[in-house]
Amino acid sequence: MVKCSKIEFLAAVASTHVRDGENVFGGTGLPLLASLLAKETHAPHANLISEAGFIDARPRNVPLSVADSRFYYGCSASIGLIETLGFILQAGRVDVGFLGAAQIDEYGNLNTTYIGSFDKPKIKLPGSGGGNDIASSAKRLIIIMTHEKRKFVKKLDYFTSPGHLEGPGSRKKWSMVGGGPSVVITDKCQFDFDPKTLKIRLMSVHPGFTVKDILDDVMFDVIVPDRVPTTKEPTQEQIDIMHRLDPNGIYLAKGGE
Amino acid sequence: MVKCSKIEFLAAVASTHVRDGENVFGGTGLPLLASLLAKETHAPHANLISEAGFIDARPRNVPLSVADSRFYYGCSASIGLIETLGFILQAGRVDVGFLGAAQIDEYGNLNTTYIGSFDKPKIKLPGSGGGNDIASSAKRLIIIMTHEKRKFVKKLDYFTSPGHLEGPGSRKKWSMVGGGPSVVITDKCQFDFDPKTLKIRLMSVHPGFTVKDILDDVMFDVIVPDRVPTTKEPTQEQIDIMHRLDPNGIYLAKGGE
Amino acid sequence: MTGTEIDDKRITLEEAARIVPDGAHLFWGGFGYQRAPIAFARELVRQKKRGLTIYTCGSEVDLEIMVGAGVATRFDIAFTAIEALGLANNMRRRVAEGKAQVEDYSNLAMAMRFMGGALNVPFMPIRSLMGTDMVQYSRYRGDKKLKVIDCPFTGEKICLVPSAKPDFSIIHVQRVDKTGNAQIDGIVGEDLEGARCGKKLIVLAEELIDVDEVRSRPDQTKIPAMYVSHVVVAPFIAHPVQCHNYYDYDLEHLMMFHKMTKTEEGWQEYLKSFILDVENHYEYLNHVGWEHLMSLRAKKPWGY
Amino acid sequence: MTGTEIDDKRITLEEAARIVPDGAHLFWGGFGYQRAPIAFARELVRQKKRGLTIYTCGSEVDLEIMVGAGVATRFDIAFTAIEALGLANNMRRRVAEGKAQVEDYSNLAMAMRFMGGALNVPFMPIRSLMGTDMVQYSRYRGDKKLKVIDCPFTGEKICLVPSAKPDFSIIHVQRVDKTGNAQIDGIVGEDLEGARCGKKLIVLAEELIDVDEVRSRPDQTKIPAMYVSHVVVAPFIAHPVQCHNYYDYDLEHLMMFHKMTKTEEGWQEYLKSFILDVENHYEYLNHVGWEHLMSLRAKKPWGY
């Protein structure tokens, strides 16, 4: 068993969900690290897109911003938002998008806007950014969150980005281009979605955690299959590659053990 | 009195309607020659735009096509159709547009699409091109036509581009951006539009023609003011400049005497 | 950071034309005398395609060739003529014969239809067309040609034009790499939106450039490879019109073309001589003559 | 062919800020860490502007400065934070205090609102926002925030977002000539549409270039002079964020900024030290220090 931090674990697990040749909306931070790791391992033809306008990016240093010049040299096109969010994403050309959130509900709907009531918000969060667009139109959505009970809620304080909304048929009702969330990766487990109800379902538990740990740490009912496997751990090679990608630990050092 | 061809006369008269500093949709042919002549004489700051994407053009040779590379070098921006017809024209930034037509009615409405019935057209003309867009959205429209009776009709075979439609209030009804036609220049006379009825009105008669000549050569009633001046002739300087602009007579030789 | 293998999307002009089935709908690139994919039109004729529908703002020699040879029968367009020379004679004849149908829009309307298609929304709003016969009459789209509505925000009239999503987009550019990243010099016309609105995109380019060159100045890429299905590289694709920075139009040929198309006999003679009797694009160029072609090459800094 | 006199639109940063009245609506350029007109935000603060409404997709340090200093109170935006570092602390505090209001959209929604404004149509259709609280709740636009309609062509649901036509567009570019023709390197974000949607456009640029240089390669012009009201030329306009091909972001300064804004006291200290106590932009740069600034200069071929 290799020694690794939470961040390393999350990034490595997330990377396994990127398939070769896919068009990936990577953003920055963990998703970027996961996408780059996937490109360096099993998905060399993944096309990494940053919503600011970079297409097929291959940064030699990890970017801090979606608009970071580090995305520029070596990418194959550098355009703008209408291109990435309109012509590419809304047109259904993005296979997988990554999102984080402050709150998630049992259908994978996300809040990145306010904590507290809309009328008197306690905390103004960043807002949608491109999140609502990605959640509406990417074929598949990978959600990455730190696992705190207060984040897995029965009802969102504010509904920013669509998961499976109210379940089967909801996305079709709003003529959404994309398929919605396929997986939620936390630092304790992975969830997927029950195909029939489109409600969140336990997919695998990370080493060191039990099913009960997970159920105790969410505020809604989770579908639990008969057999819940243990999440596959990162390999040393994956960890080494991540450190080569982020030699200064800009992302890896954050929240690491 | 200088000796000049029909084309030279038309171009010179048309050029007088371009004011300094205006944004002009010039096209090719006579309008282009008129715009360039205006720039060389009284309107040096006129901004010549070609709908293919050229802005502030200063061609050293006369272009044959709105997309001609002759517009490129020396212009200040070379973009595309959404820029010129959308961001510039539809946004109300074009002061004056030039149009020709196969038919015109008494409100300055234009046909550039079909001769004959829509169901069984006798002649397919070029179509709108950017003509309808220019007629809808340019602040002022200058129409140039050869003066043949069959072209000045009571009812258009096909209504391609809006003049003053059915008169006062019509353009507002369709929330049109531009003000409609201000002048029609033919090889026999100039028309403007009666401010009250928005119907065509004789403005001036070219040397050698009488008011009766004009009235005989249109198929609708023309408002004739008490005094109809004679159109001012081109100066030798204007003719010389035109020949410098079009040394090979690409436009000047056409239909010349 | 990564050095991945790269797809090579190059095929021949013949192969590219073979992919287009009878009855297909095509966005057609180029504008006026600039970057028209005329070699592709000639190849479609040689392969005897039938029943194509063409979407473009305004095209000239290429439309004349396709309508004249009976390859394309429907046209969602705003304009056709041979600018500065006169009417599009073949189109005029085929329309009068009832063998071709034109659904009339304006240039802005067509450009916005391509933008709407590229954005994958069902329509786009414009302020043109209203009050005219383009609203009153439709050739074959019926009440799906356009809609005039009351704006739900302002109450004013606004025209909605339906987005275009043809089966193929055919465009001609100056340079492309083998994966499909395309660079355009000069004006783009409506080609950026048009390239993105088709279900498949075939890029025809004058010159092949290396992927590394593209990646060293990615802000020069006008069409990213991810949109591109196939790449064709060949010289003088737009002849007898121009390709900015590469060659000027062939005015002599254009005048001959326009003159010959004035009669059906003249057109049939042109068709035989310059299209059917030449085996492929290079034979066409041989027929036109390389000394003549070389005389058309663009001069710096003018680009023509 | 013609050699006309040319207007010189250059004014100082102070003059440019003075043109913006209290209560004005501003499109705000830049995206993320790229080409943010932060020097203009600082100057608005020094001139004690009040009641501005800001329109942008996502901005970071500039919004923090303007909301923190009470210059801007309303925001039609999709995003604000200091990417990779954390929440926008000033915005969080001012919203909690009820001193700032955010009308929430997505990035695509805002970009399309700017495109609609640039096109002078009342709305644009998008496929985002539907089904969420961005449809349910409005901070100050009420039922003019957006409309969800049944598409008159397809019957499907589509969201219409109202076009934005603010009083001013403020954008930052790499190079400009004195008449206003602007060139942008790298990504454009939503700046092309944003620059064209405002009633007046102020272009801030790092470098002045000659008109002849612009006219020798006009396809590099991203914003033609005809849109531009005023031009401001100054170095390091985006500091502490980056300007592609000119300088990198100042991570040290960004971290200090983010840390100081965690408390109102810290923010007030930053406000005093880096904005109010420096007389103008050059004094700010002196305060940051030129040796430090020079260390941020971009290296070829990377652009940062």
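General observations
Each chain gets a letter, A, B, C and D, in the order it is written, and its residues are counted from 1.
Heads up, the rule we're going with is that contacts are C-beta pairs under 8 Å (C-beta built on N, C-alpha and C of every residue); 3 or more make two chains touch, one makes a residue touch a chain.
This structure is a prediction, so every number in the text was calculated from the model and none was measured.
Of all chains, the one whose mean C-alpha position sits at the greatest distance from that of subunit C is A.
Taking each chain's centre as the mean of its C-alpha atoms, subunit C lies 37 Å from subunit D.
Inter-chain centre distance (subunit A to subunit B, centres taken as mean C-alpha positions): 58 Å. If you average the CA atoms of subunit A and of subunit D, the two centres end up 28 Å from each other. Counting partners per residue, subunit C has 120-121, 126-127, 156, 158, 186-187, 216, 219, 301 as the residues that reach two or more other chains.
Residues of subunit B found to touch two or more other chains are 54, 60, 72-73, 78-79, 82, 86, 90, 177. Every pair of chains meeting the touch criterion is listed here: A-C, A-D, B-C, B-D, C-D.
Within the complex formed with subunit C, the subunit D residues making contact are 116, 120-127, 144, 147, 149, 151-154, 156, 158, 160, 162, 185-187, 216, 219, 301. Of all residues in subunit B, those touching subunit C in their complex are 28-29, 51-54, 60, 64-70, 72-73, 78-82, 85-86, 89-90, 109, 113, 118, 120-133, 136-137, 156, 158-162, 165, 170-171, 173-177, 250-251.
Contact residues of subunit C toward subunit A in the complex are 1-2, 4-5, 118-121, 179, 181, 196, 211, 214-216, 218-219, 221, 223-226. On subunit A, the positions that touch subunit C within their shared complex are 23, 36, 39-40, 44-45, 47, 54-56, 58-60, 72-79, 82, 86-88, 90-93, 177, 245. Contact residues of subunit C toward subunit B in the complex are 31-34, 57-58, 77-81, 83-84, 87-88, 91-92, 95-96, 98, 102, 104-109, 111-112, 115, 126-134, 136-137, 156-158, 186-193, 241-242, 244-245, 248-249, 251, 298, 301-304.
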